[in-house]
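Working notes, beginning with the structure itself.
Order as written gives the chain letters A, B, C and D; numbering starts at 1 within each chain.
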Amino acid sequence: MAFVEAEPTIELLSVKALRFMLVSRVLDDKFASLYRMGKIHGGVFLSRGQEALSVASALSLQPGDLYAPLIRDTAGRLAFGESLLDPIRTYLGSALGPMRGRDGNVHWGHPRLGMYAMISHLGAMISVVSGGLLAHRLQGRRSTVGLSSVGDGATSTGAFHEALNQAAVEQLPLVLVVANNCYAYSTPNNRQFACKSLVDRAVGYGVKGVEFDGTDLETCLRELGSAAARARSGQGPQLMIANLLRLCGHGEHDDASYVDPNLKTSQVGRDCLEVAIRKLVDSKTVTAEDVALWKSRAIDDVERAVAQGQREPGPDPYREDWSALSTEALVERNWPQ
Amino acid sequence: MAFVEAEPTIELLSVKALRFMLVSRVLDDKFASLYRMGKIHGGVFLSRGQEALSVASALSLQPGDLYAPLIRDTAGRLAFGESLLDPIRTYLGSALGPMRGRDGNVHWGHPRLGMYAMISHLGAMISVVSGGLLAHRLQGRRSTVGLSSVGDGATSTGAFHEALNQAAVEQLPLVLVVANNCYAYSTPNNRQFACKSLVDRAVGYGVKGVEFDGTDLETCLRELGSAAARARSGQGPQLMIANLLRLCGHGEHDDASYVDPNLKTSQVGRDCLEVAIRKLVDSKTVTAEDVALWKSRAIDDVERAVAQGQREPGPDPYREDWSALSTEALVERNWPQ
Amino acid sequence: MSITYLEAIREAQARALAEDDRVFIYGQDVGAFGGAFKATKNLAREFPGRVIDSPISEDAMLGLAVGAAIGGMRPIIEVQFADFSTVGFNQMVNQAGTHYWRTGMPCPITLRLPCGGTSGSGPFHSQSMEAIYAHYPGLVVMTPATVADAYHMLLDAVKIDDPVVFCEHKLLYYHLKGDLGSGDRLAVGKARIARVGRDLSIVTYGAMVHEATKAAEELAGEGIEAEVVDLRTVKPLDTDCIIASVARTGRLLCVGEAYPWGGVTAEVVARVAGEGFNFLDAPPMRLNAKDTPVPYHPDLWAVHRPSARSIADSARRLVQM
Amino acid sequence: MSITYLEAIREAQARALAEDDRVFIYGQDVGAFGGAFKATKNLAREFPGRVIDSPISEDAMLGLAVGAAIGGMRPIIEVQFADFSTVGFNQMVNQAGTHYWRTGMPCPITLRLPCGGTSGSGPFHSQSMEAIYAHYPGLVVMTPATVADAYHMLLDAVKIDDPVVFCEHKLLYYHLKGDLGSGDRLAVGKARIARVGRDLSIVTYGAMVHEATKAAEELAGEGIEAEVVDLRTVKPLDTDCIIASVARTGRLLCVGEAYPWGGVTAEVVARVAGEGFNFLDAPPMRLNAKDTPVPYHPDLWAVHRPSARSIADSARRLVQM
């Protein structure tokens, strides 16, 4: 993990990250507009304000690592290596998407490639990552890291606790990233937990805990890079608490009018994308023109992918096999329909 | 809560506690012998080594307080005010017992009197106590304290986490007592959690945490007395970790051969009953004769109660109403039987 | 005055809070925000301190409800989507459901579950959970299909001393309008003849009552008169009403939106076959969702669940048997 | 060689571990201790590192199993008592059960549930959970009744690519002895005629197969010949075998140890009524446990569950109909 130590490398990484963040933001804007036009089935859930953390999570991983993104991880999913078409096809219900129209919005993944397809139940993916890590350990593949992403609200679930404790007992190389965006839907942190900081939980599990600024890309890259390196080197689970603010509603149906205006103007309320651009331009790592170009390319790419997604067929219910079992002999087809 | 401060009062309290401990131990011995004779339906689960903690838990409470004892709380249940007949009737399945033969062994209670009837699912009673406390708060009865008892193993359940976090968010006057007896069935602490001490969990919930010697009666009385006082005065949940050792099998079917011999000879392996007697005799608070007398009375009382329990009828299946609903109009009686 | 099914649920809660000091509401985002579906809109303001936001902790939410109920209160618990009640399930079935039988002390909880499929909601925001809860002793399971039932049955749920799983159908929230009815109300546990017919009995509940009624109207055009029985409460089941209907029509089609194995349709058919065998002029028929998770895409979803069309098709086949 | 049902489960796991590197066992106290019932006795020693003690975290145990299964392993998860699987339920039904359908990638888990009533075990150590799991898509639910089935079906469970809920009946653990059988084995999902008869079909599974067989022997003394069908797997259900039996006998008594609402007996009766209506010479009958939690006291317990006696009584009534 040399990149977290040498200055030039973090710059390159930041640029790479920025480009995914730009795509993610453009994609979010597009989803928001498709939603308003009534072109999306069901809800739309955006990542605004969380792109730096998300992309840094994915970029901390290496080929063969495991990744369980959650609701606000469009940037991370792209950085993990998936195609722009995947989220688009999923939202649009394309039969050619990874979920084939069966599941939608934020519920996609590529489990064969180490990217899990989240279920909605909060906290439920963490132990799944642990299972993947245990599998690798039993298979003698000891250098794998697994990263699981959750929100502040998910920390109140029993699943979160059981999974983190379990990973600690097994000393699994799990990086558990908590995006503390100050709210779980409308519920503020002070109705969600009573500790000063969620990082105070780490000691109670006997794991390393780090709290950091989730609005600063470089910080996210450094902290998550180090965490993955620690996990990889056998130091067990890493509880990573990133502070930031959700710069959108819980879903696009939600105007988020409950968000405390003071938070919006505080450090956590900074837009990580703007911060990253400003810093990278100021440090002359990139130029404003670069950014404008990447953004316009991102817009083109997104438009093209959406157009393709919209041309693609949805699933055909009469050609579905309607079978939840892979063992064909065990599928019951004799229910009267 | 003056008693925890003035010397004479803690002595009186210790004597009171000792007498319950003696009865509990005698009762345990009796249950063990009845079990060996095949006179008890199902398993038998003893409190040996945990009496000091258990009795101190109950004695920290005041009339009107709430108490959720668990599997090894015979002493505490007696100290909370129940009759010796209750555990006996429950184990023997007497129709006159609090559970009327419907539930058995350690699963009894008197919810109307603030003593909950535990279910087996570990961790599940904690939030129930919180509910009782919230009810009291909503009813304007603000001085109630609720105490919930669990083992080290139960701390790994999602229920434990959700409940403690919930109580912390609501700042409920909950005293959560963890009897860390080094094992959950056969599973040692190092396969149950990875933190140095379970008390390290407190900060992560934003609650006060105290770790103490569960083999020393006076310590238990002081610590739990103080914890209840803090909770009562509005300082929120109290996480109390008592270190001790289960001086018996998980149940009487279990020879506990897996217990580390070093633990048996360490501080946690001390028998809290012996320690209490020795200390109270040494300090001349009681005499050896007092103890012998109380013990022989306890034996008489237990023998008499067991004899009565054994004379009592079991439930009559043909006079049972076989109804799990209290609303008679909603009971379905038309299932073919 | 015509209001929506969702408004009826809000109004019932407002009335329960107003009439009974013991009632309080606990759930995620139910307070100032008014709930994910706005079923508790303004209630936190109207009833200060009695509409409480919970952490995302379904097990602890229901455990707390049990303790509060035993402590003399009448908690209403809102779980954000029925699907998430799986993680609070244990407290409901093993704690609330066993309490009265074990201790003699009732445990009056109302668990509000936004249930059932809506287009585009997918596998984890569409489930029907009634069969899972109804299997366990000690619980009452209500499945209101009308605005008036949503209102009055929720008031009933809060009043009765036993724990009630209140399955509100999300598809009806905004679209179904009606008035609160007046005069005589059916008792808790009683089914309702939603439409009178002579040729077959379509027994169903929740949103499927409306699909069945639509099917019945279509069938009427072909001279087939379907009786529609709205179960209202699936545990207990009003076997008498069901069998009386089948006795009149001789034919049973039982329709449910849940997964096909077990559940309400199996229980209804098994009871009718067992107790009303001689009234049956043809084999009883069932129509359920398909045996897969609930699909996201509207085209899949429309075929996954029974619909007016598939109900009518089944009915046509049934009357020809 | 005659071994117990429990030994068969141990032996099957030993063989699965020996034959397939991908197999591992995870559960509370399953390691050096050998499990609460000793179903994994010595396995930790024989297969170092592959029989792993878990914390008391059923949700995380099953979540881990899902991840491991997707990661190429074949986890066997032991939950100490089936009753406690309620707190791991969500991972099984919403994660394992949906995975193949959602992603196209199978999720081969074997969830071992020590199920069913034994005398003195009470409400939380006696439950039968098959109906709860079978309701959900994507799971196979096995309920072996014999020593040979316990052995071979557990091996099947580990081999098939779908998640399996393996309901082992605790009452059979020590008392039931038998051999592992030889030669032809029934395929997964097939029912078995446990006893041939002509007058009625008693369809059942798990420990009730033995009660039914006892009842059948008693009835034989009265000239009533009961056929006993052992379902073996309750999801999928071998409807063909059931209906073929009913076609021969004309009468169906379906027996289960679970709670009476919904569940296996409802599903079986509903299918027979629907698909085998014309074979029925009398109304189908069901016999389940009573609709209360499972009682602690042996006298209550004996009446709560069906028994050879109550099965025989029902059978007598049925043949007279």
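The criterion applied here is as follows: a residue touches a chain if its C-beta (ideal position, glycine included) is under 8 Å from a C-beta of that chain, and two chains touch if they have at least 3 such contacts.
Being a predicted model, the structure only gives us computed values, none of them experimental.
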Any chain that touches chain D and chain B: A, C
Of all other chains, the one whose Cα centre sits farthest from chain D: A
Chain A-chain B separation of Cα centroids, rounded to whole Å: 44
CA centroid of chain A to CA centroid of chain C, Å: 35
Centre-of-Cα separation between chain D and chain A, whole angstrom: 40
Chain C-chain D separation of Cα centroids, rounded to whole Å: 30
Shared-contact residues (touching 2 or more other chains) in chain C: 54-55, 57, 59, 83, 86-87, 90, 94, 97-98, 101-102, 123-124, 137-138, 237, 274-275, 285-286, 291-293
In chain B, residues with contacts to at least two other chains: 99, 102-103, 107, 119, 121, 156-159, 162, 165-166, 169, 191-193, 323-324, 332, 336
Chain A partner contacts - residues on chain B that touch it in the complex: 156-162, 165-166, 168-169, 171, 190-196, 198, 200-207, 236
Of chain B, residues touching chain D in the complex: 40-43, 93, 99, 101-105, 107, 119-122, 153-154, 156-159, 184-187, 191-193, 258, 314-318, 320, 322-324, 332, 335-337
Residues of chain C touching chain D in the complex: 59, 83, 86-87, 89-90, 93-94, 97-98, 101-102, 123-124, 131-132, 134-138, 235, 237, 258-259, 261-267, 269-270, 272-275, 277-278, 280, 282-286, 291-293
Touching residues on chain B, where the partner in the complex is chain C: 66, 98-100, 102-103, 107, 109-112, 116-117, 119, 121, 124-136, 138-139, 158-159, 162-163, 165-166, 169, 323-327, 329-332, 334, 336
Residues of chain D that touch chain B when the two form their complex: 28-29, 32-33, 36, 53, 55-57, 59, 81, 83-84, 86-87, 119-125, 260, 285-288, 290-293, 295-300, 302-304, 310, 314
